[in-house]
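Input: structures, listed below.
Same chain, two partners: chain A is paired with chain B first, then with chain C.
This part shows the complex of A and B:
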């Protein structure tokens, strides 16, 4: 451990009441008297003397509100990245969100309400979640959605666990597409072996960068329990759920669709159009800011037939004693607070505020908004791809831009002779105040060694994209 | 909460084709040709609402919620304290919200510094050597703790397959242990509501016990006096000790779990450090670990460059790390709130939190003595457990008391938990409530006890509660039977 933050300046033990801590000294004395003791120590005889903190902890002095605001604003402003032209992606995007949403979401009735176990006094949260479940199920084309999980990556983990539970006679093996994000793969590799589940790779075609039925080589000698395909994949290529469905059916495995960008479903075919068993996704793009990694929003859908094996909270429609439409948490018997170690998951929260935010976002967008936004993103990335290709041709630059269908991200693939090019471009762009993209690994079989992944959002205009092309074309 | 007659329709039923509530920059590039394959063929049935209609719909929904801002939540083990508004302001700065998690360190120093300092603050408060902020919520902190214990034991060449969990524990404990591949051995409480040391001794003799998950103060609101002895026994038998930190609030500034010999403990930022409960999430976890477990911390960790001037980096790949359990670094914007709160309090404030929480719970314990059965009446920390033993004789059960409270403007306490107490009502006032408010709550509880003692009590006072809210008793059985989970199911 490094040294302490700030040396404490006020060591004196007198305790004054504060704005969040209204109990006065007189009241404290009154309570002690009522309990028939003379001191706090006497009131808590169970705490062994040697474990009591002597005096005060070594913490920095307390701050007034003005000092807090000043300090935190300063810390925030050092994060220059939040003001740069930003093309970082890989599952987190700096999309826009209508301002009314933060203001309404910030109402104390949403912000400071408890988990809706008492439905008579939490119909706001419950109906909001019911609407969220309805809209996510619509977006994914699936029968049911839960009330959300931590994030897309851990939703994949929960999906695999559910697949294994529902395919007990299969091998505890999961195949994940090569185009799955590094972080998601790391989480699966960290967590699944504890449960005796092996992680294997469904390789991508070196040319198209898609995982297809042709690239699936099963050698596990018996059906794997689950097969996971991410789309758009980490190179930005939109994959084909029909291929996942056919591979999974052939292997008698559960198919798991991992939608890395929720907005992509505004224009591309959703998992539900391909008889996918479990569809999960990252919902951060639905109005939630990057927030240096969280909180984001894990989406989880499945077929109704499997609902008793689904992890996470569910809200159902019902009525109250006066016959009014009402909602409540339902099928709790799957959950940890009832089933303990036999529960479908240990998760006891949902990303409730984020789910509500996504519900507000989708309500504001409507089907037309999602479609227009999606088409606009795709048009930007197609424009960028063409402009980069033209520039490379003009300047005789040998790198390849990924082909195939794209949504809002692309990857420039770099051969072994130019392995430093990615770093050079990232640095050159930074000098102009631009975060141009992220270094991603690429399939070795492609003959390339590295990739530069570039994302666009609706914040980017043609002139911004032209700047990127200029930087990429510089020698 | 509003009682007005304007019922809240579903948003889809408010829809008018052509309306919308968005305003995003339109693309100024040529439109790309439509995709040849993979085109969406089904319509997305979403509502179409103008901005005012959106605002009104969600404002009305909010008015159907009880909240801390509106009233007291005496919810045991949930620590429903006030969520300071200043936290919401600091967490909404652009430098935090619009920062991509993969921004190079030189452009994200403020965020890294905040995480580093928060780790130090939590370390000082809890007595643990290091903190991982990666867990998304308390339950994931539990999972991470058990996972790290498992990695440590594996590293020692051990293959132990059982975890001991007291019967009074939170349900997540067992579920988290199971996710790490462990079998659960239940441990009973003794006559004082504490860990039964003799049974613990018996259970750990076999050599296949990886460790103990203990809650302190436990879910009866009692401090485990023998915590050091318990830790020593487990360590002597080759196991490790996990502490459920759900009740850390009661210990803040008073005693540090890390000093008692515990190997790891999760934090619930939404309980102890005032990040908003949000109607069920997002949470924010955190895990404190002893020196023994440091090598197994998940990656990346935030480190200060030793020679640098106040410079911070993310360090990946530690050889023995358990890897990753959550995307990126955890719920960063929740960390900003927790950090703001601790900086507001300082050392004196932190101590006052713990003391006041305990004082107010003890006030309730003494004030309700004689009115309700208190199974462990001698002392308590931040929460007190009552039962319906006196009332049930007259046909009034815990659930009836809970629903009766709603009509008096209080959220019900935690009910029927811990499971080892029949008809439990678990009450935790938290330190942010004034004594006046706590007295008002106690008076209401006494009024209810009086009502419950009357002849025909159930019919007269408890039937059909709540009676004065916009919604009467909600039919949960019907919901489970019909399973209508989306608006498509209502058609």
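This part shows the complex of A and C:
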């Protein structure tokens, strides 16, 4: 600990002596007496002796405010990851966001307002949500968007539940594409079986890593309720919504499109152009920082005919008694405060601030900006793929890089003889201040055993990518 | 005071049941009392045609501006007809609950359930 900058004031010492829990010795004695025990420890006999803290916690002695700030700043500077060249992907991306957005978002009206419980007096909030919904519906090419959900993975879960509600005569089975993120699959597998819904896999082609009508195998002996396809998939490959539509129609199931990276819709054809029933997505890339894994933003769109089965809140545009423009929470009879246990979903709040930020981000970018950004990301990843392939050829390195259409991620797949290569590269890159990517599993049928997934964003320049290629080419 | 028709049977869930020309087939709807308690109906959800339903099961829902109520099967059997026009425009549920706004026709499979239905007098004491 550094020497004291400023001695704590008398006032600060006084505060230090105040306990956070306002329990006096006298109160403590009376409570213990009432419980019929002699000490607090007698109430917690199940905690093993060796796990109990004896004496005081190992904390530094008291500090002044200035000293405390310096100490914490030093501590946070040890945390290097946040400042490293970051190529981690798999659903959370280190994109940029125009600085004015945080300035506006920090206004009290936005930052401190909670969910619109009295909708008629929160017109500003409702207008914000309405505009968010309008932009998301346009981005997805779908008829309706809700007021947002918590994140992409739970949006997929809600989509499956909605599909099962609207396909009561089908088998309560959902097929999800093999290229769906591990965490999304885990969420489905932890929630659905207890509700009597089974999760099966729509395998990917071992060469192209795409889930296509040719790779779909119905092994459930009937019509499944839902079929889910994620694009871009977890290996970075852009999948084809038309294939999802045709498989779902053939199997008489509801089609669920999972747009894992919202910015991909800036250049690729949206689910709405392919008659998809339910389209969901992760909106983190729309101006929201990676954070420590959240808050993120769940996007949820469906067809107008299904809005009564759609989870979450919906804001509508209407006229008040004087004929003036007004916004209202519509179809709120589906929500839990009215319908209780029969609600279509218990999501009744929303990610309002994140939705608002996404709306501001989309406003800042405009359709042209999103398209320009998307093209920039795609050209970076194609540059990287070619450079890696050339380097591998030059150095006689046998690994494969995913083929096909990409957006901002790619995966290098390694065979059984090189299974430690992924770990080695991650460590080598870290030593040079780079988070090179994530270890991902690959289809068993591909003949490979592991994959290194690398994402790029607009923060990365050609020199950054060249540095990656150098590391990947080192023996 | 809401209207109760003498020729109909009722349930305590505020549904009415009417005989048809076919002795196995019964028509059902919601009562005048029910529609006035619900307020303006905005949306209706009915069971699929030909689906099998069991007495007291929830088979659909009626959504009004202020609530969503469940539709219970008054009798067990098969749904042989649905009032499809109500799905597009449910307003007859408020204006003509006993005539235009019939909901389903059910071909019953258990005649003994008929004895559990209420007559007009018994229903009048429920609908207060």
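Definition applied: the second predicted complex is superposed on the first by the 394 of 475 C-alpha atoms of A that agree within 3 Å, B and C clash if a C-alpha of one lies under 4 Å from a C-alpha of the other, contacts with A are read in each partner's own complex, and residues count from 1 in each chain.
Keep in mind that, in the parts below, contacts are C-beta pairs under 8 Å (C-beta built on N, C-alpha and C of every residue); 3 or more make two chains touch, one makes a residue touch a chain.
None of the values given here were measured: they were computed from a predicted structure.
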Between chain B and chain C, whom does A:420 touch in the aligned arrangement: first, second, both, or neither?
neither
Just checking: does A:77 make contact with chain B only, chain C only, both, or neither of them? Give me first, second, both or neither.
first
I'd like to know which partner A:378 touches here: chain B for first, chain C for second, both or neither.
first
Partner chain(s) touched by A:305 [first = chain B, second = chain C, both, neither]:
neither
In the superposed arrangement, does chain B or chain C reach more residues of chain A?
B
Please indicate which partner A:169 is in contact with in the superposed arrangement: first for chain B, second for chain C, both, or neither.
second
Quick one: classify A:334 as touching chain B (first), chain C (second), both or neither.
second
Of the residues on chain A, which ones does chain B touch that chain C also touches?
338-339, 342
Parts of chain A lying in touch with chain C, wherever the complex brings them together:
168-169, 308, 333-334, 338-339, 342
In the complex formed with chain A, which residues of chain C make contact?
43, 45, 48, 63-68, 70
